[in-house]
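The following pair of complexes shares a single chain, chain A, combined with chain B in the former and chain C in the latter.
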Partner chain A sequence: MVDVQGLVNELVSKLRRRKVEGSSATARLTAELLRSVISQSKLPTTNQPAALIDAVRDVGEKLIAANPIELAVGNIVRRVLHIIREEDHSNARDAVEGFRLSVGGDNDYIVEQDHLNLSAAAQSSLCRPSLHALLERSPDSETTYFTATSEDDSEEKSKSLDQNAKSLKFRRKVISAVNDLIEDINTCHLMIAELAVKHIHHNKVILTFGRSRTVKEFLCAAKEKKRSFGVFVAEGAPKYQGHLLAKELAARGLQTTVITDSAVFAMISRVNMVIVGVHAVMANGGVIGPVGLNMVALAARKHAVPFVVVTGTHKLCPLYPNNPGVPLNEMRSPSEVLSFEQFSDCMDYRIGTGAPQLLVVNPAFDYVPPELVSLFITDIGGYCPSYMYRLIADYYSSDDVVIQQKPAS
Partner chain B sequence: MEARRASRTVSDPKVRHVGFFTPDPNPHPGRTPLASDAPVSNALSPVMIPPPRQPSDRTAAVPVPETGQRRQTGADQVPVGSYNPSESLLSSSPLPSSPSSRVGLVDGEFSEESGGWLRRSESEKYASSLPDTMVERAPENSASAAPRLESKKSVEVTGKGGKAVLEEQNEVQSSSKPLKEKTTKAERRALQEAQRAAKASGKAEGNKSAAVSQGAASVKPVKQPSQKKDGPPVSVSVVSFDKKGGDRPPEKERKKDVPAPRMQFDDKSRVQKAKKHAVVKQTEARNRVELFRHLPQYEHGTQLPDLESKFFQLDPVHPAIYKVGLQYLAGDISGGNARCIAMLQAFKEAIEDYSTPQEKTLARDLTAKISSYVSFFIECRPLSISMGNAIRFLKTHKVIVRHAITKIRDGDVLLTYGSSCVVEMILLYAHEMGKQFRVVVVDSRPKLEGQALLRRLVAKGLSCAYSHINALSYIMHEVTKVFLGAASVLSNGTVYSRVGTASVAMVANAFHVPVLICCEAYKFHERVQLDSICSNELGDPDAIAKVPGRTDVNYLNNWANKENLQLLNLMYDATPADYISMIVTDYGMIPPTSVPVIVREYRRDHVFL
Partner chain C sequence: MGAQKKGATRVSEDPDELARVPLQAILLADSFTTKFRPITLDRPKVLLPLVNVPMINYTLAWLESAGVEEVIVFCCAHSKQVINYLENSEWFSHPNFSVTTIESHNSISAGDALRLIYERNVIQGDFVLISGDTVSNMSLTQVLKEHKERKKKDSNAIMTMIIKRSKSSPIIQQSRLGTDELFMAIDPNTKQLLYYEDKADYSKGAICLDKLLLIDNPSISLHNDKQDCYIDICSLEVLSLFTDNFDYQHLRRHFVKGLLVDDIMGYKVFTHEIHSNYAARIDNFRSYDSISKDIIQRWTYPFVPDVKFFGNSATKLERQGMYRASDIVQSRSAEIGSFTVIGNGTRIGNNTKISNSVVGGGCTIGSNVSIEGSYIWDNVNIEDGCKLMHSIVCDGVVIKSGAVLEPGVVLSFKVIIGQQFVVPSYSKVSLFQQPTKQDSDEELEYADNSSGIVENSSMADTVDKSNGQLTSELLDEECGPTYELGPGGVGYIWSICEGSHEEEWRHSIAPIPADKLAEAMQNTDDDLELLTQDGSVLPPSGELKPDSNYSDDNEDPRDDSIYFEKEVEATFLRAVHENIKEDHVILEVNSLRLSYNKLFTDCAGAIFYSLMKLALEIPHSSPSELCNSTMDVITKWKKLLKSYLTDIDEQIEVIQKFEEICLESAKEFSPLFSKILFHLYDKDLIQEDAILKWDDEKKNADEADKVFVKQSEKFIQWLREAPEEDDGEEDEEE
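Here is the complex of A and B:
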């Protein structure tokens, strides 16, 4: 028996200590953990979805609190919750369908009544449950909703049998959906790369920033299809991941040039397209990316160069960025920017109020507003930033947007 | 040479010859032996540009001490005080070492005096300087100068130390060779210009210096005395005074404080005032030429002994400066280039020896000192045009700082990129003036120049933040103004400067933060450029592969082996004019669209560019 709690604690501590980096890795770990939670949790016989939702929510809260900046964690939690709700609704729909079939049309009144009930129930279950429904909910509320007054007993018996079957199936369905999710996360690069050849033609010059695995796969896929093009890689201080990407691309046979971040404006007039990977995509179409990305996006806008973001759907976040520079950012160590040995004497200076005289700023992320992004290429296709909200509605439920401690009820 | 000089002398010798010494009407004989020693020098001396003075001036000027005497004393020479001339005062005469011309200041010693006096008047002066050879050369010099020695004796100053100072200007820079070629052409051009100017200008104008500066070539780099023009400051001034008149008033408005040259000598009150401040006391010539009342007319040679005796009271004036001043007085150095070069050399030494006193700031104290030196020089002899321009270049920073300071208010957060000396001066000066502001220094690879600037600012007590260029979008929302320096400003308003400046200006523009470029006017150019690619400079690509201090970043260790991989290290980029709010120059604050106007007007001041 796997110790779920232990797994949860382990992932929480990894996130807190930033031992896990990168949205894909984080997303995968989160999804796997939640899968374990779902499969291991003890569910009541009736009203499983609600219980499951609560269980997942609990775990999700802890994970998000461990690393609030890593938006992929929250994304996956919400995705799983959405999966559960969807499964729940589809069950309800089936139940309604089944009920409708089983109920004969002889008693008009009842039928109408049933229809009314049915429609009401259908409405309430497919959309979110109303307050009334929540309060009225008894353990087997879903199925009892549609119980016609007359044929109670026989219905109930069959329903309870169904229910058992359904509950088992429910969990299995949820787990299979989560497995699909994990599979998506793992293969998003491939899906995106398939679209590469449509966007890159011969003799194009591409600019990229820092290092993104998605971009690497994207470019290499185009190369495989015998397109010849050149790549400028901006090094992406202070991580300098651009160096690594350039090395990898050159090894695959692409003409690569490494430039410093300060030279981006100078070179961008020679570039046909900017392709970057990001950390997260927000609900308004804005992106959170490696620090310096906003500068690149502004330069691209100035020179009318398309700014393309390649992203997997697990990076899609249902949150809106208000004042994104500050809360969605993380400050890294100043030693990456300024060597402690050389400046140790300056570190002690104080100005009149006692505040330090020398302040080193080293943020990890940058926000790029949606106006600067030309195109999102995701594993489900290409979209413009104004469409992002639709995708989010597909993948998330609005109930789950706020995941925080519910007051003990 | 002498003959040529003589022909060009137009004016009454008395008029312009400040501090002139008795004319030995025929200096030439003395000269020739020396001249023969250094045929090269004869062939070309930059001083060839006909000196304004009379032949007599040149020769006599220096009280030539008994060479023998000198020589003896030379050895015992006690170096004066802390004077440590790192280089002897060189005239930029390209003459390669002419043995006769010696006189170099031996580093740390004044021993050269021995030779110096003698030669001064000769063209050989421009011989290359080899300090050590001084003593050896002395004999030759003395021999040649012997005939004149007697006459000079009288003037000889007893103070040995002082002599040394007067000495030599003949040191020639080692890089004389290339200079020589340049000046030849320049000389000729200068001559032509002078003639043209002389023809063009109508009347004598009150402004002597104006006239003098007329021909001065623009001295683009501050310390490059290679500017041709000015041949005969005197004759020029005599002939075409008004020429500069028109140009000078605008300069006056610019508030350059180069006082004396513009002085109206026919205005009694001003003369009195000037006299009060003068280090060099000149006695006015008795029979002044009425036509040139507006010019200083002093008796020659009267102040030399006085000055020499003052040598040891050097306080306000650096020994090198004093020395050059005396050389001017004595007429040892003559010719625009020579004087300019001598002056700049003296400044160089003075600046090298300079250290900011406790309570004062470098920008102001040094400029004040230089102003005082300039005044001293002017008392010794009015400035030549080239000197005026050279001085103006030294002072442009001061003017720019004064303009830019007005834009800094309390509570400002100023952002700067990389390390620009003008911006640094502005920030330090504003801090001294007591303005409360914060500075953000933005830096980028591979040069990381901002770190040095950061250190200097923090040491002076400014409150600073530091970040790399990628974090611009993060910090820009706090910034109120951006100050940037420039390598050059092109005529379409594009600013050509360190790579990354364009990105800074762009992000500032996106956040609606004003961008001010601080740039001296000599950096303006008539070229136009639209992007950073058609003209740029490439640096060392290895600088990109290696990240100092970060051993974990070693992905590009063998980048040269990978055939598809290139590293690009750009040095400059072009910032479009629409990102720039204002350019602060020594001419004032202008929008980027006014750059071609400045380029045209600025060129008018200098004949050669």
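Here is the complex of A and C:
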């Protein structure tokens, strides 16, 4: 048996020391950690979902505090909480249905109690049925639930409702949903890449910025479908991740041109489409991306070039950028910008007032407002910025937006 | 999925690789110096807060993130405090990172510490040697790989030193960390360290390299712009070397220099230069200031205040490098400037201004206080209207209203500064009296510990009773002469020992005063002028190629002989004027000959030249007078000249020299050439054979060169024709 607390501490310390960075990696690790939390936390026999929510919320709080700039951590915690609530909700429906079925038969007091417990939870979640769920999941899920309930019925009738089995079943359901989530995180770039053919046409010129795996897969998928197009890669100072991307793209046989960040405006008139990856997508449709992205977006707007953001749904953050809890930026080490050795005489604090004569500021991120974004391409399809709030309503429960605050019981 | 697997295997590979040979580190939680006194009388240096986090945490956090698995913390001074701190910290409960402590009471140096660790037999392989006051964010993978590969090839490569380029100020010959300028000679190809000097003598403006270095190595890089990070990758042999050489105390001064100079068993030290990463050691108050500011400016990322790299409190970075903890009570009218850190639970009053400073947790700062470039630790109480400039204020200090701390002041723990008192600059104030005997640099902090505690308790009693003046009166009675720290003040001002008084500004946290700077600037200008005259200004870093060496060694021989001639002349003149005996003159000239590496012929020429010059200086009106005086001089110094004219070659040299003189420097002699030549022959100074040989040599020369041969034609003729006659004469004489 793995020590959950140890695992939690390990990830917390990794996040704190910036050993894990990047939304995809943090999202996956968070989801995997929460899966083990769910599978191994000891739950009381009654009111399981609430206890599970509390456990996940506690861990989530620690993880978010460890590195608040990695918004994906918070997103995954909220997604998992939402999964628990959804399962709880479907259980409640089962129970309600089971109750209805059993009402005609013998009056089992446990069922009654269960009903009372669950109906409260059911009411809270039932009152906001998600559009997505209504449109997509309801037809087949109804049938599965129906079969499930019929099994339940038979079990109930034969064993008179075994609490243990029920809790196991609930947990199993949640875990399988979390597994689906991890699967989604791992494969989202492939899902997104499938949409590439619809967006990239022959003889187009694409501009991208910095390095993003999603963008790389997206472009390569189009290439595999025999589309011929050119790619401009802005190098993305100060980390110059664009150089790596250019190398990878060239290795995959794409016609690639590297330009400096400052040349973006000069080259944008030759570009048909800007495709970028981002760090996080906020609830208003604005995005947080590598520093310099806003400049690219403004250049694209000036020349009416579509500015397309490719992103997995795990980057979708239910917070608004004006939320004080959202740190929009992180100041990284100045050594990425200039070498300490060369300027060490300017870092001398002995002369004058003792204040340094040379300051270096190295912000990692940039915020691009929603009006500059033309389209989001996600693993579940393309959406415009104004639709983001609706996606968020699908993926997150409004109770979980603020993780730190305990729900009023 | 594929990507996940890849990531997972990569993560799992690393620990596996390291698990085979667990990477160990020795952390010396003692600096074995007294530079941080009087603060270190109360608390060990490694527990002093650096930007509100005890220093040792920076070191441990870095070791942990660099993949070190086992750290052995060596505690000596205040060992109980260090151990208690570590036990209560989260470091002991860390998975995959074990911290063990070794306690010692009688180690007085790093050498002793390493000897003790060797005895305990806890180190299994290569280890990182670091002291507990080092801040870094470098990655060890590369340097460890290099070290291992080198060790495989050459088992004598036992140590790799981490260095970093950092320009030291040309003005005061001191790096920005307040350490002396460091000179290193490194082989540019193998990166082997060949020479290490951190206490160079600036008065000479030169460093001496062993010639053997230049012989053994095809090329050498000389550096004075490198900073020693005091992070070493060592092999096990280092520990045994310390045990074998029990007089090794200091890591650099004894061990590294010992290896380089004595060439013990052919062990070699190598260097590894880091470029983008940060590494520095807190050696004195100046480096404490510099490194704090580097941390605030995030050069040490991720070890910066707003990243909780260990269990420190939540701090948020705001505009212009201002870090504020979450719960601060701050008046609206208070101005907090850029690059300032404010700790948890601190209260700041109206119209207070704070800039470029670090304020710890739980402090109370009154109204109208001005704090600039200062380091204020925890639970300090600063009353209204105080003014603090570039000072360090330790835990529990009370500064009463209106007091002023001038630049460079250090207030140790629990000192009380009275109302309106002005603490003079560079003074150090402590509750303990200054130890009477001045300790050497190597002295241990621990040494004064026991007496310190006794004093502390008595002091605490008096402080408890404290009621302003009563306390100071008591102090006066009890402790003899005490320095008044204003009404209600408690503590002693340590007098600055004479030797270091001049140097105080070098190591203080205060910026260098303008007058010192101007003075130093003046000195450097002078030095530079001096150096440019010599034409040998060293570039900050350069490679000496063999070619350039040779040209340096073999200077223009012409210049050299001119110098030699001048020296000989001076010696001779001194002999003339001071009536020095000829024997002594011979001795002196011989020693000159040896020091200039000259032959006897050169001496003969030089002495003859001086003789002629002397003769020329005797006043004369006609050539015959000159001839007479020359003959007198030659006769007088016959013995001297004779001693150098034993050989025929020397005699020819003299004749040639005489020719030269007649042609160039003293044309007056030219009509007298044959006469003087005859005189020299007459006095037995020059023999017949020499003159004839000279004549033979001249036969094939140009006409212009034959002027003097022709002049003395008759004389030579006579010599050739009458050898028997000559002999006959001699016979007759006999």
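Keep this in mind: the second predicted complex is superposed on the first by the 331 of 409 C-alpha atoms of A that agree within 3 Å, B and C clash if a C-alpha of one lies under 4 Å from a C-alpha of the other, contacts with A are read in each partner's own complex, and residues count from 1 in each chain.
One rule holds in what follows: a contact is a pair of C-beta atoms (placed from the backbone, for glycine too) under 8 Å apart; a residue touches a chain by one contact, two chains touch by 3 or more.
The structure presented is a predicted model; accordingly, all values stated were derived computationally and were not measured.
J.: So in the superposed three-chain picture, is A:A25 touching just chain B, just chain C, both, or none of them (first/second/both/neither)?
T.: Once the two structures are laid over each other on A, A:A25 reaches chain C alone.
J.: Touch test for A:N294: chain B only (first), chain C only (second), both, or neither?
T.: In the superposed model, A:N294 contacts chain B only, not chain C.
J.: Looking at A:K247, would you say it contacts chain B, chain C, both, or neither? Reply first, second, both or neither.
T.: first
J.: Once chain A of both complexes is superposed, is A:S339 in touch with chain B (first), chain C (second), both, or neither?
T.: both
J.: In the overlaid three-chain picture, which partner chain does A:L359 touch, first (chain B) or second (chain C), both, or neither?
T.: In the superposed model, A:L359 contacts both chain B and chain C.
J.: Return the chain, chain B or chain C, that is in touch with more residues of chain A.
T.: B
J.: Mind working out whether A:V4 is in touch with chain B, chain C, both or neither, as first, second, both or neither?
T.: Neither partner.
J.: Applying the touch criterion given at the start, work out whether A:V258 contacts chain B, chain C, both or neither, answering first, second, both or neither.
T.: It touches chain B, and chain C stays clear.
J.: Considering only the contact definition stated at the top, list the common interface residues of chain A for chain B and chain C.
T.: 336, 339, 349, 351, 355, 359-360, 362.
J.: Per the contact definition, I'd like the list of chain B residues that touch chain A in the complex.
T.: Within the complex, chain B contacts chain A at residues 443-446, 451, 454-455, 458-459, 461-475, 477, 499-500, 502-503, 506-507, 510, 531-533, 536, 544-545, 547-550, 553, 555-556, 559, 562-570, 573-574.
J.: Note which residues of chain A are touching chain C in the complex, please.
T.: By the definition above, chain A touches chain C via 6, 9-10, 13, 16-19, 25, 28, 65-66, 183, 186-187, 213, 331-336, 339-341, 344-345, 347-356, 359-360, 362.
J.: Where on chain A does chain B make contact in their complex?
T.: So the residues of chain A in touch with chain B come to 232, 235-238, 240, 243-244, 246-247, 249-251, 253-267, 269-270, 290-292, 294-295, 298-299, 302, 325, 329, 336-339, 342-343, 346, 349, 351, 355, 357-363, 366-367.
J.: Touching chain A in the complex: which residues of chain C?
T.: 1, 3-4, 7, 61, 64-65, 94-95, 137, 164-167, 169, 176, 275-278, 286, 289-290, 293-294, 297-302, 307-309, 314, 317, 321, 339, 355-356, 372-373, 390, 509-512, 517
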